[in-house]
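What follows is a set of notes on a single structure, which appears directly below.
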Amino acid sequence: MKTKSLALLFILGLAILAGGLLLPQWMSYLFTIAMGKGLVVLGLVLLMRAGLVSFGQGLYYCVGAYVAGMLTQFAEVTDILLILLASISVSVVIAAIIGLLLCRYREIFFAMFSMAFSMILYGLLVRMQVLGSTDGFNVANPSLLGWAPGPEGASDLVLAVAVFLVVSLGILAWRYLNSLSGYAGEAVRENEIRLEYLGGSVFKVVYVKYIIAAALAAIGGTVTALVSGHVDPEMAYWTTSGEFVFIALMGGTAHVAAPIIAAVLFEALRTYAFAVAPYTWQMILGFALLAIILFMPSGLWSLVERFQNKKARKTT
Amino acid sequence: MSALLKTVNLERTFGAVTAATDINVELNSGEIVGVIGSNGAGKTTFINMVTGYIQPSGGDILVRGESIIGKSPREVSLAGVGRSFQVAQLFQELTVLDNMLIAFGFSVDRKLSFLNPLRSAEKIEKAQAVLREYEIEQYTDEVVSTLPQGVRKLLDIAMAMLSNPGLMLLDEPTSGVAIEDKFTLMDTVMAAVRKSDAATMFVEHDMEVVLRYADRVLAFYDGRVLADGPTQKVLSDPKVQELVVGHHLDLSDSAPATTKESGHA
Amino acid sequence: MKQLIAILVDGSVYASWLFIISAGLTLIYGVMRILNMSHGSFYALGAYSGAAMVGWYFSTGSVPWFSFVALIGAALVAGITVGLLVERGLLRFMYGRDEVVMILVTYAVLLIMEDAIKLIWGVEPYFAYQPYTMLGRTKFAGLSFANYDFMLIGVSILIGLALWYGLNRTRNGKLLRVVIHDREIAGALGINVSRIFTITFLIGAGIGALAGALTAPGLSVVPGMGIEVIVLAFAVVVIGGLGSISGALVGALIVGMARATAVHLYPEVELFVIYAVMGLVLAFRPQGLFAVANARKI
């Protein structure tokens, strides 16, 4: 069963890559954006499994994007691997500092403080003329190990890297969730007192998860920045983080593939809704959110599970 | 050699209320002590202080000669003090097996692995052996929140005992458990405790349970230790009978405290 | 000296504004344990309905002074009507759910209200400057201040007093305080908790809309204005301690003064300073300045 879902993930990755390369430009663009957001949401899901909802993942999403933008524009570093390395390092350092304060909090306080921290970044960025203030600035095309594919091939390169990241990080996350560290999240959610009396450090568990989630969000931000060729402070605005929460709830926390699939669905839905009725997109989201909370508390993945259960009943 | 546990003039106040005062207790390995007293007499306050859940307002607590004042529950537990709870503290929405595996990971392996699966065959085997010992193996795959109180209590104690704490504090192990199951539960728990040679304290309201399992009794009254000594002696103390037990106890037909009753096992 | 006066006056004005915005948020949390993310939308709703009504009122050429009644009346009617709709139509089915779930529910309400406002009033900005300019300006110490801003200080004091009186001197207020203190006991005492919840939400929504209406004359009413205030209001409320009205007052004063100082001395850190203050308070007093910590029982 578990190897099967792992294989499923792998095939899914290949299919998306093949599909993305064959599809028209605008669709593969959306796919890549969805992969980026899916990675952010994957991190958010790690936190949610520990009972923590962050309304501030936009902070690291934005950090990852700005690191990519600044490196390509101001330092003339375009190598995608170096950029990823840099954005991971920067986000981990920031998360390690903010986490010291934030990881003492739970529930609504965790949610709102994480939001406040992302708003600090937003507040700083809109005032920074050097970085284009509210308009942001453009990101140059990336290269890989000296190979610079130019404007046409750059988006394909980012897509390939994004799919590779999604599959490999997805597998890592899947193994992580099945390890003691992964289960420690559920332990924190269910009973912190018990965990402390077992000799486990609740703070450490939450802190590590927070940092991992930050790194994933930064990677997602980098991918988004590189494929869209533009960054702006909106990425740190709390409504961006709210969108991630929405995608996470939509997919559910039961499986590492759920956030990625949910992100793809979300982007497709958004493109469609924007074209049909531009002023009702948020309203649609709002009603969908209510519907999910009321009728599908474990997200879309619960449909998959329902299907599996049905199948299991038939075979026995 | 210093005592396993020693409290010196231990005191705790909550605002104007004195929950515990003047508590001087010593405990050594292998001792099994029943803690009695009416509600609000200071039993749970005492246990909470010894396990770091609340800090005393005054006095000192020494575990193997070292003070644990200012230490968190986690640090106290790492110093070899285990506890169970009046209301079992478990990972409610996880299965019994996962509860046990997490407990193993944190209190025995002590290594927060990132990529090795928690549910490896070898670990599951170890966890099941413990569940077997506590006679709750048939619940392995059940979700904890669906289980009867007695099973949860046993799991709670089993998880706390995994790290072989030298000192084990059981806060009302039989509360919420059906009368007919009390002795079965205590037999199982005491067998495990005796095997590990831990010094054990258990808070208990049922004097029959105290008589049967305790070598020694601590009687709390109004935040103080009213009496401390061998079970028979303390329970036959008229002052204890009047203030703590609330009625006259007939001790003549009870089994001697230290022998284990086999009829209920 | 001049700068100091400017900071103090601006700070007080800003603090009054913050207090009006956050009073409703903290009241609803204190009683209902719901951190109402849609509070900002009620603020926007009040601003839009107030501004639209004022615009219409002046187009009829009636007595200018009554425009205040139009402004506030429209906002309160809109706020309370929509509040009733949200509370009776949605929230009451969710009581007893996890606080985090309630954040998500009210976040959904915010999303819906944001677009509903756009559908009703469009995306072009609204202006209702007349009440603002009508009151004129006062000059002292070589500085010029809008009288409207002083009125704002007055209104916030009135709201503060009304809340204090309502909570401490009326029967319903006392019942409300029982609910804040211990919901289970309140239920056991036979207090109609559900009714208290409805009333509380309506008061909170009403004050939120009122805050929007009072702000409208001073700036342009644009889409998204409600989204910005919710984070701000949260920062204010959390400094004093979530759920405490006096906490909201102190939080508003601290943030108001801090921001005014920043605006006059270091304008580039304006937004940053608000959250920095919040961060500092929380680093040293995690429950906020006024809330009492409660330990979990075992």
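The chains carry the letters A, B and C, assigned in the order they are written, with residues numbered from 1 in each.
The working rule: contacts are C-beta pairs under 8 Å (C-beta built on N, C-alpha and C of every residue); 3 or more make two chains touch, one makes a residue touch a chain.
Since the model is a prediction, treat every value here as computed from it, not as a measurement.
Farthest from chain C in terms of Cα centroid separation is B. Chain-level centrality, scored on Cα centres against the all-protein Cα centre, points to A. With each centre defined as the average position of its C-alpha atoms, the distance from chain B to chain C rounds to 50 Å.
Computed from the mean C-alpha positions, the centre of chain A lies at a distance of 33 Å from the centre of chain C. One finds 45 Å separating the Cα centroids of chain A and chain B.
Residues of chain B in contact with two or more other chains: 89. With touch defined as above, residues shared between interfaces to two or more other chains in chain C number as follows: 298.
Shown for chain A are the residues that touch two or more other chains, namely 193. Against chain A, the residues of chain C that register as touching in their complex are 35, 90, 98-101, 103-105, 107-112, 114-116, 118-119, 123, 227, 231, 234-235, 238, 268-272, 275-276, 278-279, 282-283, 286, 296, 298.
The touching residues of chain A, counted against chain B in their complex, run 172, 175-176, 178-184, 186-187, 190-191, 193-201, 204-205, 208. By the touch rule above, chain A contacts chain C in their complex via residues 53, 55, 101, 104-105, 107-109, 111-113, 115-117, 119-120, 122-124, 126-127, 193, 238-239, 242, 245, 249, 279-283, 285-287, 289-290, 293. Chain B contributes residues 51, 72-74, 77-78, 82-83, 89-94, 98, 101-103, 105-107, 109-119, 159-160, 162-163 to its touches with chain A in the complex.
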